């Protein structure tokens, strides 16, 4: 098992070329946030924008429109019930993050299956939170052509993979990830990443992160990093490391680290850790 | 009468174990915030999240949904009229904080009595603000099995206990607290705490705290501390002390201390005062 | 003409007595903020809370409820169309600030005349912005028993007093103020205050303040100061001076001073300048 | 081709005269922000207010009212469907900024053509974003008498001028700008400004700016600068330079610069760079 360490950052976070524009840094669509769980998609969107994604559209329940813009005037809003508006944006996105606060009702299932239908070869699909539960409950097959990134915590991974937490060995997880056709980030005290024939373990992380919304922030960062950086599996590793490294730093002075604080720390953290 | 001092903090605020997750730090449901008093439940929720509670759900009037998420994307939202959605969350909560900005109309009474019905042995119930007035007005009996924490100011305590402010001696208060089956925090210039055969008096606090919302913040902190820390009566004492100690510190430089500033100071304050 | 200087601050801003509670620092009702001018009443309310008022209720259009709580969870909200809810709160208030963003339609006039009817001996009425225009347009007589504080800029003063800007001499202004039964704050480059047989001129102020919302903030501060401090005409002078002194300080480093920045600076400014 | 450098700032940013008031610094109306793109007009409005404009009214979809006031209590709100309310304010404005997040539906076209009808000799019209697309799609003629400032990126400029990006030489651009009767700001890695017989090239700018909303912020700054400063073409140059200079400074420490951060930095930046 390989360790994910500081060195992944400068391998991934490139210095931006002088002559570039917002299109250079990718289009992301984030889908989630029911009326009950609106904060989740806002935190994921915050992470995507603050990690430097070029153009961010958030598809969510209309009751979350104002909060989204209060946190992020930089993000565009689409009512996720409006599939006519949503579909072309999902198709055009380089990265789709689906699941934070999506919920598991029929409406959520409809959006998820539609997103799977629209997925294509040049797209990264980050599947998180409720979307993972929906995949498990409905035995959905992941899209064939997109790069599928799953970000379950251990219980969600049990649901998706059928492997009980106690039995989640590296070998079992790797086999399941490959069978699912996915890169899998199993979140825990020491997060592990499974991709093809490699297994990685994160070396950072703090119990100060044990609070609601931490995973939504990671999902948004995975979106932001894969949208910008060429080697996408490495971009996922860098997002995982950066998320815990920022938390570790904040935890020197804080008993609990709020998820939105990690996003707000991203621009300076990424600058310090970019390649020269 | 025992003094509540700095030493309570490190007795209560434990260093978080490395291998823990958000479930380790408790589930809190906060109930309150009518259309007129939405800020109260937002301030209580802010205190709960910033003190480190694992999972926070705020049940309030739907007109407060956006403000809740503007302050706290980390909190989940439930319309408090929707008892079908609210009941299972209340039942599953380790701690329920009810009252900040709840109001005293029939709707509020219905929610309060429902919450009392759902209360159970492994639950802490923090009863604050309007909920105390409702208890007094309607002669409600507190639940049998939960740990009931009341957080009245002196006039509210008069209503609940029947003891006039001038007659609120330690002996009378203690007898009333025991009769009510409650741990009682009587808020004043020097807040007192009554629990079983013990009486405690806080040693901190400043007139810079004399502003609306200060009590809502304390209620949320009591929720956050009892959700995380094993010895719950001591957790209440630590919340009471921390609330005034942060205010005392801010008051060195401020004529008035805003309640939300206390919550925002919690992560650093708790880190400094945790046990090693 | 007397000068308003630094020395007014410590004459007015008393050190808070240890044994006090939020009721000690007054109840304020602020009325204003149509759908088009909601920011005005929010800025006034911000000034009232941050200057240390004990209990603040903001009566405004319901479309402003969320923004109010986003800035100020500490304030209570009342829909200003709901006169049944508003009237008892207006009656119970120590200070009523009416006018910021109120507009001049019939609805606004109805609220203003109702407020004048409810005014009583122990009340300070701060009449600002659109409320001044309504007074002029409708030839309203100010209430007999309350302390009436008008805060017009020069054009509004022309409307209310009938004195053209060019003719607004101290003598003419003083006569008009006395005839109106009001303490009048005529805002300009060097704001003047007229009360009974005294005329005062402010010595602070900067062109960096020349931006929309500055007057709303002053109205809120006048409310906050008169609610807390015993000598109310002096409290008005202190509010006028503090408003410009904070702006002067910020303007050392800023080309323009935003009104909400003045409010946010109040707690530290007042602490530094309180009497010992 | 002349270079736009630091020296433009003190030529334009005058020290404010002591005896001035908010009317001295201009009235701006900003028009844009559909339900999907509300953040764009909020960011433009933020830039207008923080650059020191005297009075700012934002005309947008009503679903953006709350977010507008959460960012800017200083701005007034008008529902852009309400042409009866909007028209007199547009007519009275010194500067109208139209386009950020406006969208391209019929409603948007109606507002744009109405604004063109109302334009007059003493007015600056800043035409940005969707408004440029509407001009191109509908072959609209710019108003005769106003100073028309277009702020396209290269693709928008292709649409408006008919010149393909590869063919956008200084000569071709200049000819097209003159034919259109406009001052044109062509945004790119090194932004160029075309006005009558002069061509200017900006010397600042960073790839950290390559993120959604950067152009909306520039449009608002152009509005804020032309509203305040007498020589309007020079004011445009100063806005262009200031926008990139602030970004350059922030980019020393940040991987990505958020548009709203530029606005928030304006008051201090302008103070440092004002003429004495």
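So that you can tell them apart, the chains are marked A, B, C and D in the order they are listed, and the count of residues begins at 1 in each.
Here is the rule we use: a residue touches a chain if its C-beta (ideal position, glycine included) is under 8 Å from a C-beta of that chain, and two chains touch if they have at least 3 such contacts.
Predicted model, so just to flag it, every value in this text is computed and none were measured.
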Neighbour overlap between subunit A and subunit C returns B, D
Subunit A to subunit D, mean C-alpha position gap in Å, rounds to 34
Contacts with two or more other chains occur in subunit A at residues 66, 70
Every chain pair meeting the touch definition is listed as A-B, A-D, B-C, C-D
Listed in rising order, subunit B residues that touch subunit C in their complex are 35-40, 42-43, 46, 63-64, 66-67, 70-71, 153, 188-189, 206-208, 210-214, 251, 253-260
Listed in rising order, subunit D residues that touch subunit C in their complex are 13, 16-22, 24-25, 49-56, 62, 65-66, 69-70, 72-79, 85, 266-271, 274
